[in-house]
Structures are given as structure tokens and as C-alpha cells.
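The letters A, B, C and D name the chains in turn, as written, and every chain counts its residues from 1.
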Amino acid sequence: MKDIYTSFQEAVRDIEDYSTIMVGGFGLVGIPENLILALVESNAKHLTVISNNCGVDDWGLGLLLQNKQIDKMIGSYVGENKEFERQVIEGELEVELVPQGTLAERIRAGGAGIPAFYTPAGVGTPIAEGKEVRTFDGKEYLLQTGLTADYSLVRAAKGDKHGNLIYNKTARNFNPMMAAAGATTIAEVEKLVEPGTLDPDHIHTPGIYVQSLIEGQQEKRIERLTLAKQA
Amino acid sequence: MKDIYTSFQEAVRDIEDYSTIMVGGFGLVGIPENLILALVESNAKHLTVISNNCGVDDWGLGLLLQNKQIDKMIGSYVGENKEFERQVIEGELEVELVPQGTLAERIRAGGAGIPAFYTPAGVGTPIAEGKEVRTFDGKEYLLQTGLTADYSLVRAAKGDKHGNLIYNKTARNFNPMMAAAGATTIAEVEKLVEPGTLDPDHIHTPGIYVQSLIEGQQEKRIERLTLAKQA
Amino acid sequence: MAVNLDKATVREKIARRAEQEIESGFYVNLGIGMPTMVANYIQPDKQVVLQSENGLLGIGRSPYEDEVDPDLINAGKETVTASVGASYCDSAESFGMIRGEHLDLAILGGMEVSETGNLANWMIPGKMIKGMGGAMDIVHGSKKVVIIMDHVNKYGEPKILKECSLPLTGKGVVNRIITDRAVIDVKEGGLELVEVGEGWTIDEIKDCTGAGLKVHEDLYETKQ
Amino acid sequence: MAVNLDKATVREKIARRAEQEIESGFYVNLGIGMPTMVANYIQPDKQVVLQSENGLLGIGRSPYEDEVDPDLINAGKETVTASVGASYCDSAESFGMIRGEHLDLAILGGMEVSETGNLANWMIPGKMIKGMGGAMDIVHGSKKVVIIMDHVNKYGEPKILKECSLPLTGKGVVNRIITDRAVIDVKEGGLELVEVGEGWTIDEIKDCTGAGLKVHEDLYETKQ
């Protein structure tokens, strides 16, 4: 029932200029590495990208930046990237910063048909500018709207051909909500298996949210290798 | 770190009159059978109960009804219970009917610190009476508030002593959201295991939401046994 | 000319016609009661995933006796099995799936439908209210909402009306009505008769429908 | 009398004092940077679960080389391990946990704190804005929010003020401030000095604090 690709170029072929794209991952963990590389190659421009971070200069979403494919970035922390800074200062790149928990919840809301919700995060801060403030039980909250995307690019450890996905450890992060919030969700999986192979109680992303899958191998670069001192 | 009980009576001992209690389950599936039985025995009165259904006449929350322990019931479908009907007609029992998806989302919101959200369910229906209607993108939505409880009684297939829970099949239903929305959550588990036994990627309810656990055996009554015709 | 069929035959007829709404690849929610029956008629060549709002994506057939798991039921509380490639989720996720319009189709029962697509199917004032269950969410959550019901009530009165007389389940939510006598679409400008059941005439359908009916240009009789 | 210590010693001193905020049985979120260091000083007899907002409840120690999993990091993007009894979740669940006040304690860094508990720790106007990450959520999400920071900035100016001059991270969110020189609580009526660091006097603390300080009746010197 799902499109199963063998070429990453083909998997992202339909992504057009001016698309809004969600990209899973936290830092470089859980990012759909090969889909991003293919998107760079596709040269789709004027993208709005929703992702917690924006990669590093030479990897992940940083590659889209280098190639000047992003018009607007919606994220919570974009501090690992010099080219990002340059484009913002030069006015080439628009940025919308969203508190991380609000970002996660806005994406969840988008996928779950919730147009808006209230959250305490950001009350009394620059984030509140232009936003409705409302008091519930004596505490102030901001109104935040749901986020959806034309395409969501996610990465999972395992996927079956019905689109069910299982993530590994902290590589889960934003991927499940994004899978649900994309009109078209493309999943890059480390291992593609037959339906029935995965335990139905262990599925993190039900297949209904996923339109196509492709198996690929990731580099899984480590940003901050921190080791215990050998005893 | 968690209270591990061996007596169901002790597990529910602190539940006082006038408490608000969430009880997991859909129909009779996934209900904390033994905690309910102990609550009947405790004779705590004037309870507000939040649960999708209200059991059947002689099992589950129906037993609390028989014993006249419930002042108010918040649920989505309460049609399986004659005593329920009688108490409503006699004015002994207050009922708040909430669309099932709205109920699930209100409980999730309560546990996740979201005071209110908008949903399309119920617009133009009796449910909308007295509720704010707001238009987003040309479509109307109702404002609904989060729900929390003094106690949540949930049932899981497996639990470890750190409070991590795993549910079986459709016995999951409302249990995970309720576990998060209870100030005190008591988990009845079919099997209690040592921490480290459950795969961290398979946990449905993280231990932080659970305050105490107790192992017990359930009858698991079936409401509508439906069988395939033998070929 | 009116047709008299026993109740079981009528229900099967409606269910078989409703099955034609399901395309291969669809994710579908079937309401409790007659809609659940539709599953029995799904053509084997169609790949269809049935969702149950109590947390199962991929309802399978009924279990054999030795397969019964009391933890595995559908939204009608009947024991079921899970299909190959199924997954379980909690009720918030399940209704997120519904509310977020990830389902292609919902087939539900109805008491009344209005010409603007209003649906009433959950309560009759004066009678004991059992609750709306998931219906109020499901009518907002699918790309297409199909109502299956008898064309008239037990007094022979129309159930398709200008305005519903019963309290609503949803406002402007119905896309298509399938009855024992006809298939009617809810369009911008009102109701449109798209199919007339075998043995019925257009005029007879109009007579037993409580709202104006335009006739679709390609109107044809329902194939059984 | 003022005390001069090298930076590493100061950080360790603050981290060790912050550790005393952690009780056995607590669920704790430690911010990026100096707060993360607090984990190194947690007394072995305390059972503490550290939460990482990127989806890990139960951060373990740093991995040995052969244990490194690139899919397993903390919110500071450092490789970590998971503790026994840990669980993983997605970012929405993780922040639901935070926002829903399920954490007992959050220890975060600060640039400025006001006498009403306002916190500024994410941006300096005119400098490149990197983003607030999870800080704006975390300050609302814990039963107790403790800020650890130097008492004064590099120019010797107070960081505890009547009003923050920098854009806020949260309004009225701080419960306690732990610095290299003192421990100060944010109370209804203003700031209250509860501990004075070794080698400092109450008057010296007042002099380097930009807001009024009441002195707690049981004031004692910080034990190291």
C-alpha cells in the first residue's frame, strides 16, 4: 500500500519550491540523513523548514542552508551553525524561534487536528508578542497554533511495508509528531521489514501517517562525544 | 522509589470521600478490576469518576454505582448499565457526557499541563452549549479544558518497580493519559518486574507518572464474545 | 414501486452498497452496528485497514475460540483479532488520527440527516441518553463521511430532512447517505440523488425524502 | 571579605551546593552547561532520575568507548547511557512531562534573575540569537526551579536585580538562586537570603545584589 523507494532522489522528487517541510531529529540524532542529501541534490528552493535545530555547517540541514534552499526556518535552537548566522544577519533567512516544548506540541496538535492550544511557556517573554494571553485558574497562558507541513521527512530504526515505524532510543524525539503532521510523510528507515514482523504493541508511529518508505544507511555523526574515564 | 503494595485495600486506603478519580479502561477491557473492588470495599463516597464507560451492572465501575459511591460521572458512553439509568432518572447521579476523542484529549491535556485546547467535535451540538466557539481557518471549533484527578487507577500488563508500564493490545486505551493526569496514580499490573527488565523503547507509561504499584490477577470478563465460524 | 424486504436482507443490501465506497489502500472507521457489518463484504482484492477508535489500527476477523484475547476488542466491545501489520495505540493517539483527518472514510449509522449534511445519531430527547461515544469526533475526522440508514423510520416518515429534529451529532459533516432505497450526496447547493435502488423510481424516492433532491445527471440504479 | 577562586573551583562549588537541592526519589531536569555538572556530585545513596527533554527519562553516566550509541544523547547533545529502569519517549511526551509539573526539580543556568523570580537566560539583544531551546518550557514545568549562576557578571555587576534588563525566559518562575556567594529564595514579598557562602558577610552579599534582601532568620553559612 505504501510507496517503497530504492532511490532517495526519487523519494524526494515531488518536493517542489516553496514547500513547507518538517525534518525529524534533535541535533544530528534521528535526522533523515539520506533524504536531506537527496533534497540538497534536488535543489528545491524557497523552502520553509520546521525542525528543532538546523544541522551543523557541513551536515544535516546545514547542507540545505549552504545551498541556499531555505527561506524560513522554524525551530527552537539554531546555534550550531555559522552559515545560519550569516544568512540571518544578511537578511537571506527568516527565523521563527519557538520554545522546544511548544514546538513539539504545535506539531503534535497539527497532526492531531487540534488547531490551537494554550501553554504557559513564553508568557512575559518576547515570544508572547502578538499572541493572545489568557488566564486559566489564575495562571497566564499563551495561545499557540498547530503546525502542519506539505512533507515530513523522518527517520526510524525499523519500518514495515505498511508504514509502521519504530525508533531507537533518543533518535525518536520529534519524528513521531512530524510523521503525523505531514500531508506526505517520507520515512527513511535503517531496516525495512515485512508487515507482521514488528510487534503491534511496540509500534511508535502507526502506518497510517506514513506515505512512503526507503531503506538507507546512516553515518550517524556524533556532535559531542563524551566518554566516561576508564576506571 | 515507588510504593509497592501487596494489599489492594491498602493501595486505595488514602482515597477519601469527595475525591476525583480517573479509572482506565474501555468497556471492561483494561480496567483495574481489583482496585475497583477494593474501592467498593473502602466505601469512599461522593466520588467524581472520570472514565470512558461506567462498567456493567455487576462488574467494574457498576459496582461503585450499586454501592452509591459516585456523585458525578464524566464519560462518553454509559449505556451498558441499568443502575446507572435509574440513578440518573432519580437525580442521584450527575452525568457529564463528553465526546470520546475530546475526553481522551482533555485527559491528555490535563497530564501535559495544557489548560485548554480547541477541537471540532461537538460544534453545533448540545455539547457546545456554554462553550466558546472559535473559528480557525474558516472552520469552527470548541474550547475544551484539561482534566486532572486526585487519583488515577490504571491497569497494565507489565510494570517495573520504577513505575514503568506496558499495556497489552486494546487494554491500553485511556490508561496512559490517565496515568499522567492523576496527582496520585496507582497501577494494577498483571506482572510486576524488576527495573531493567523492560526494554526502555517499549515503555508506554514512563515511571514518573506512577506513584504506586500492585500486582494482581484479573478475571478479564468479556462483554461481547464474537467468534469466527469454524471453517 | 416500493419494495418489501426483510430486515436482514435490507441491512445486507445497504452494507454491500456501502462496501463500494471503500477503495483499496483506504483507512476506514466503521461505526458500531450496521456499519461494522460492512467489513464482512469487503472484496478480498482490496487492501483496507480498519481502524477501531479504542486503539487498534488494523482490525482482523473475529477470533476462533482458541484465539480469543479478552484484551482485544473493537469499539463495539466485540472480541476481534488484529490484522497482519496492525498496531495498537492509546485513545488520545487514536482520536488524533481521526481528528487529524488521516482516515479516508468513515461509515456511520444515522437517525436523521439534513440537506446541509447535519447528522443526528446519538440521542432522542425524553429517552435515556447513553452517550455519544466517539461519533462526534469521527464525523469531523475523515476525508469522507458516509451515513448508512433506512430511508424512512418505522412510521414510514423520512429520515432525510430539511433540518434535523433531533439534537445533532455534527453540523455539515455528512458527504453521502446510503439507504435501502437510494444514494444521496450532500452538495453545496443541497442534496443530490445519485443512485436509485432497484425497484424504486425517482419520484418515489422524492416522495419519501423530507428535503429537496436534485437528480444527478448520470443517475443509475444501484447494482446489487 | 571577598573570596577569589578559579573558575573551575567556583563551578564545582556551585554544583555541589545545587546537589543538596536534590532529594532521594526526585525526578530532575538539569540544564545544559554548569547544571549538567551537578549530576557528577549526586550522592550515591540518593535514588534520582534525571530527565533529558530530548526524550530520555533516566540519564546514566557517560559511556565507555565501546558503549557509545550515536542515537543516545542528552539535551546538551553529549553521548550518554541510560540508567537501569530508564525509558525513552518522543519530544511531545517529554515536554508534557515537564509542562504537567511531573518533575520535582529543575536546575538551570541564568544570566539575570529579578526579585519577583523573573529569569533571563536565553538572549542578549544585539548578539546573534541561538534560540531558547527547552528553557521556556522547563521553567514552567517543575515543582521547584533553581537557578545556578555567578553572583555577579564579569564586570562585577549584580546579576540579581529588581528587574531583568534582558528579555525574559519566564516570568515569576524562579524559586531559588544558588551562586558562588549565597543562596537566595524568591518569596512573595521579595528576595530572602538563606545562606551566605564561606568567606562572605551578609553586607557584602547585599552590596553585590541589585535588589533588596531580607535575611532569613535561620541564616547559616554554606557547608562545603
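Note that a contact is a pair of C-beta atoms (placed from the backbone, for glycine too) under 8 Å apart; a residue touches a chain by one contact, two chains touch by 3 or more.
The structure presented is a predicted model; accordingly, all values stated were derived computationally and were not measured.
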| item | value |
| --- | --- |
| Where chain A and chain D overlap in contact partners, by chain label | B |
| From chain D, the most remote chain by mean C-alpha position | C |
| Between chain C and chain B, distance of the C-alpha-averaged centres to the nearest whole Å | 29 |
| Between chain B and chain D, centroid-to-centroid distance (C-alpha), Å | 36 |
| Whole-Å gap separating chain A and chain B, where each centre is the average of the chain's CA atoms | 33 |
| Per-residue overlap in chain D, given as positions that touch at least 2 other chains | 82, 88-89, 92, 95-96, 98-99, 140-141 |
| Residues of chain A whose C-beta touches two or more other chains | 105, 108, 112-114, 119-120, 167-169, 200-201 |
| Chain-to-chain touches, reported pairwise for every pair that qualifies | A-B, A-C, A-D, B-C, B-D |
| Chain C residues touching chain A - in the complex, by the definition given at the top | 24-25, 27, 47, 49, 51, 57-58, 82, 84-89, 92-93, 95-103, 140-141 |
| Residue ranges of chain C in contact with chain B within the complex | 52-56, 61-65, 68-73, 75-80, 82, 88-92, 94-96, 98-99, 118, 123, 128-138, 140-141, 167-172 |
| Chain C partner contacts - residues on chain B that touch it in the complex | 26-30, 52, 75-79, 85, 88-89, 95, 97, 99-105, 107-108, 119-127, 157, 167-177, 204, 220-228, 230 |
| Chain B - residues contacting chain A, complex | 105, 109, 112-120, 134, 136-137, 139, 141, 145, 166-169, 200-202 |
| Chain D-touching residues of chain B, taken from the complex the two chains share | 1, 108, 110-114, 160-162, 164, 180-181, 195-196, 200-201, 203, 206-209 |
